[in-house]
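Taking it in order: structure first as structure tokens, then the write-up.
Per-chain residue numbering starts at 1, and chain names A, B, C and D are given in the order in which the chains are listed.
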Amino acid sequence: MSEARDFKYIGQRTIRPDGADKVTGRANYAADFALPGMIWGKILRSPHAHAKVLSIDTSKAEAYPGVFAVATHADFPGGEGGSIEAGESAVNLKDLSRNILADDKVLYAGHAVAAVAAVSERVAEEALELIEVSYEVLPHVMEIEDAMQADAPVLHEDMFTKGLDEEPDKPSNVATRTELKMGDVEAGFAEADVIVEREFKVSRAHQGYIEPHACTVRYDEDGQSLIWCSTQGHFDVRALNSQLLGIELSRLKVIPAEIGGGFGGKTTVYLEPIALILSRKSGKPVKMVMDRDEVFMATGPTSAANLKAKVGAKKDGTITAMQGWMAYDAGAFAGSPMMPGVMTMFTPYDCPNVLVEGYDVVLNRSKTAAYRAPGAPQSEFAAEMVVNEVAEKLGMDPIDLRLQNAAKEGTQTIYGPKLKRVGLVECLEAAKNSPHYQSALAEGQGRGIAAGFWFNIGGSSSVTVNMHSDGTGSIIEGSPDIGGSRASMQMMVAEVLGIPLDRLKPIVADTDTLPYNGTTGGSRTTFATGMAVIEAAEKVVEQVKARAAALWNVTAEQVEYADGVVRNLAGEESISLAEVCKSAAQTGGEISGSANINARGAGPSFAVHLCDVEVDQETGKVDVTRYTAIQDAGKAIHPGYVEGQYQGGAVQGIGWALNEEYVYNDKGQVDNAGFLDYRVPLASDLPMIDTIVVEVPNAFHPYGVRGVGESGIIPPLGAVGWAVGNAIDRKVEELPCSPPRVLSMIQSG
Amino acid sequence: MFAATGAVDDPVRLIRTAMAIVCFSGELLPFTGEERTETEASAFRDIVAELVQRYDRLDEEKLMGMAIAIDGVIVHTPLLEVIGPDSELHFLHRISGG
Amino acid sequence: MAKTHVTSTVNGEAVEFLCEPGDTLLDVLRNDLQLTGTKEGCGSGDCGACSVMLNDRLVCACLVLGVEAEGAKIGTIEGIGSNDRLHVLQEKFLEHAALQCGICTPGLIVAAKALLDENPNPTEEETRYWLAGNLCRCTGYDKIIRAVMDAAETMRESA
Amino acid sequence: MVSVVYEAPDTVESAVSILADSAIPAYVLAGGTDLIIQTRASKDAERLVVDVKKIPGMCDATIHDGALELGPSMPCAAFTARDDIKAVFPGLVEAAYLIGSTQVQGRCSVGGNLCNASPAADTIPALIANGAECVIQGPDGERTVAVEDFVTGVGQNCMEKGELLKQILIPAPAPRTADAYLRFIPRTEMDIAVAGAGVSVTLDESGVCTAARVAIGAVAPTAILVPAAAEALVGTSLDDAALAAAATAASEASSPITDRRGTVEFRRHVVGVLVKRAAKIAADRAGGN
């Protein structure tokens, strides 16, 4: 439990243990790996957004000099029906296999159809052009509202909407309808003095990691197959490949490379199963690296959404009812993050009457994947915009309105349980007292504020701390480190053992070395893997104490451990951890602590952001002039990397709110599949991102940690959207606020 | 690990003893027709078995695929959880994250 | 196809390699010379992950042909500091937590060093514009800009 | 995938003869920032790439009495660092500076930007505003073409097989003349112009505009000279009404398309705003401000 205490390492801005390798270019990312005899795989992709695949003739490609293997959907062993638990959520294997390589239909432009492995990338690309695919082009449907129409082209003949009162008798593009409610919204709105209701649209946004997907694999029929890849969860890569290709888990080893960004987008598989098939067929190691346009065309962005929000409040500021509606674009296969969108939409508010309805819709765009607080930014954007408008109508300060209605310990959520201790009120108060909020706006500027809620998760983490004879230790963990988590693990173990950081080396181990470990996602790593490293380190301390007690012929209760030294409370002796480790073989064997936990009690993290913008009234161009991100960390293990999560999330959200969007041509092809025209924020686009780290401890973590990775991307949509509207005296209803859209709002009068 | 039981300041609970309360959110409500029920079972799997028997439209696979909250503490994969007699149990969509 | 023989200088060392005339300098560095510190993020000059010095000028290696390296002087991240003797910029990136995933870091350090070699006392705005071609998706740039400005100050003081 | 043949001649004459004699499609490599990407995406089986940077003079620039002689392959990073050029043609230098990132600046060139002939090329409106000319060397001799006539369509220029752009010339501006170039992009850097405007104005001693050239980019298949916009400025002291008239003339002369970078309506409006703003900057510079 976490009352105030003095820490030696926790809370320090330490140098990350993997840092030197990363700043010198020595760190090995997935595309940096090569095996002897390795060949290269490339993918043929559909130019059509929706078509039947009538035939695929690969004979010319197979005969092309330098080609070793060709793969199509038919190379999956089949029977990959049903779904499996790949870590945190159920994955529909049939859909997954059909997304990796199209079966009888292509469902989006860029959908993989076949793959070639050849002596070089160049030869593989030449061979792709020799594959003859016969398509019967079908009408495609690109927009959510169109896909939901009864007469829309249907993507999946076997998809019948789930969650309707009556069983549907016709297939539909609506995979699921869901509704969560509590109280009586009609009665709540009847009590309200002010009601605001608006409709919103949010574009799909790509995670935009700078490192394209990449892997190198070696299939081994008799022994053990190997995958070296860029992933947030190598145990899930193993699970998915095992199921898709019928390989026993123990015969498939996945080695996580350093990962060049994920943000949720590297929690599934695209290349690895194809590479394994090509390796199996060619008998050679196969390397595959996506081109940037493939990343944008065929890997998961998050969903576009159509939304409605309606909020009612009394004159005194009491919110009486909140109602939401949303339809999320899942892409070509069911499974948008609509459900978390529904669950999070109004969670920052303590309101008794809430009703939210959601639709998961398929259409002829690439399958979506998780992206930082999946589903929450879209729905909470709609909610925050309407809450700000309620404050405006009531003549109330938007922070005061939120404080009056803020979710806190004991607040009933729409998704079931009551909240435990959370830090929204503290974040709102910090925002209100911030220099930013206290500052005056210049002429022509606008200011926006928004809150954000994300659950955070726990789950499986497996860790071993091995102590060596020189007193140093290895922290063997299974959570791929995307943002500096090895530093946090090192600090937590150092805190327990009371020895200097540089005596401890954290290692992200392969799937053979540890039991299953959940994906780095859901803001779980510092929380859950952190709990596991603490438990493992505590086991080391117990062993060290026991060895010292045995040496002194006293009981374990008669010794005390602090700062890396065991002291005999019954005598004068003391012995260092290093000395105990040196003699460990003689005192009962080497010293090591393991913890395989299923962490529960993840603490939600609330965030509140403030944004000032300036709008060029003649061109509609928006300049973010000041930005502050405030968020509850529970306890910041490494404040630098906690701030980094806030800043990075804020800037991804700013990009989504201002310029990031998918543009499709009339054939349904992505027209901006590159960093030139998919416009992520640049260094020159931004001011410094100020941060305020609020610490309301999570009682379920020994040091009070909450996850911090995701909540920061939620508030920017509302904070930027409201600020833009504030600057031009209009109401923003559609993101991104790109210059043409803002200019047309200005001109619309 | 942490005990998943504890007093909850819910007035409804004060008059009940030795029974866990199971609450159904909107996602399950259409199948149960009621917002809460009680059970004497304590093992998660026994509770699921009892619920499936009590509400014939409730699907065991669906329940087993959900997360639960025991007195507000979310448990992702609850297979072997034991729910205390004074506890409140919610089924909820299993969140993953990005 | 016939490969072309190229003689060049990389990080002060004479190197020779064979490449196809269509291969980029990035292909050559990563695949032929095994200098994988230079990263590929886009292959079109839009992300800066492959920033290198070509005859003392900052360029994207993906927009240079390998054959153009004939007689040229190439500088890559591998030539800036080593694990036991980091360059001030590298130290400051670590002190300021100016990297998360680290894939953009080599390119940023090459680009930032080029900036400080040319302008030892850049303003925040000059730094932001100089580095506009180096995309970072993790950090929001705040800590990167602080690290570069701090490194500049440290280098000025020790100069 | 295209297979590349690479040549790096060291004289204009040998470059011209290599280009003229090539049996396969031949392209000139200056900075390569467009060509290398285009080559990779090409459906040609073979391509000849002729690197002209080793030819003396191709990467140099001189200013004589205010006239510019520019080697077309001079990297923009070198070009924009030249204070002597910036003093005379600040707008052209700004246009060159706007092409791509610092990294791209290390390679890209004014001549490459011109020959690539993108409708959105930043330097072309600035060159046209300054009355720049292209010196083209072919197998049969040399010819000179105004920049507005050099570019003939989207990605098209007037050069025939075997011809090479060997120099860009800008005559010395009249006294109290200055230029400016502005473009609109959604971000602050790294984007292709959604609209661009290059303006050059000459003032008399009382501040009245006696001559002007207005060129606009990214709003038609090629950058275009807009005489009507210039006429709106000449004879005025560049007051708000004159600037507004020039803006309207530019918008009316534009014929933009809707694409991933902007809509017809947006481009047409914004190009007028840019002409107005660029004219103001040019006038301030010409007036010595």
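The rule is simple: a residue touches a chain if its C-beta (ideal position, glycine included) is under 8 Å from a C-beta of that chain, and two chains touch if they have at least 3 such contacts.
Bear in mind that the values here come from a model prediction, so they are computed numbers and not experimental data.
Colleague: Between A-C and A-D, which chain pair is linked by more C-beta pairs in contact?
Modeller: A-C
Colleague: Could you state the distance in Å from the CA-based centre of subunit C to that of subunit D?
Modeller: The computed centroid separation for subunit C versus subunit D comes out at 29 Å.
Colleague: How far is the middle of subunit B from the middle of subunit D, if each middle is the mean of its Cα atoms, in Å?
Modeller: 70
Colleague: Measure off the straight-line distance from the CA centroid of subunit A to the CA centroid of subunit D, and report it in whole Å.
Modeller: Here the centre of subunit D sits 44 Å away from the centre of subunit A.
Colleague: At which residue positions does subunit C touch at least two other chains?
Modeller: Residues 20, 43-44, 46, 129, 131-134 of subunit C touch two or more partner chains.
Colleague: Touching two or more other chains, which residues of subunit A qualify?
Modeller: Counting only residues that touch two or more other chains, subunit A contributes 122, 207, 263, 675-676, 681-682, 684-685.
Colleague: Going by the touch rule set out above, which residues of subunit B reach two or more other chains?
Modeller: None at all.
Colleague: Each pair of chains that touch: what are they?
Modeller: A-B, A-C, A-D, C-D
Colleague: Could you pull out which subunit A residues touch subunit D in their complex?
Modeller: Residues of subunit A touching subunit D: 122, 125-126, 618-621, 658-659, 663, 671-672, 675-677, 679, 681-682, 684-685, 738-740, 743-744.
Colleague: Using the touch rule from the top, collect the residues of subunit A that touch subunit C in their complex.
Modeller: Contact set of subunit A toward subunit C: 13, 15-16, 18-29, 31-32, 122, 207-212, 258-263, 289, 291-292, 482-484, 638, 640-641, 643-644, 647-652, 674-676, 680-686, 688-689.
Colleague: Looking at the complex, which residues from subunit D come into contact with subunit A?
Modeller: Contacts found on subunit D: 1, 184, 186-192, 194, 259-263, 265-266, 269-270, 273.
Colleague: Flag every residue of subunit C that touches subunit A in the complex, lowest number first.
Modeller: 20, 30, 35-44, 46-47, 49, 76-78, 80-83, 86, 89-90, 93-97, 99-106, 109, 125, 127-129, 131-146
Colleague: Touching residues of subunit B toward subunit A in the complex: what are they?
Modeller: 1-2, 4, 9, 23, 25-27, 30, 65, 69, 71-77, 88, 90-98
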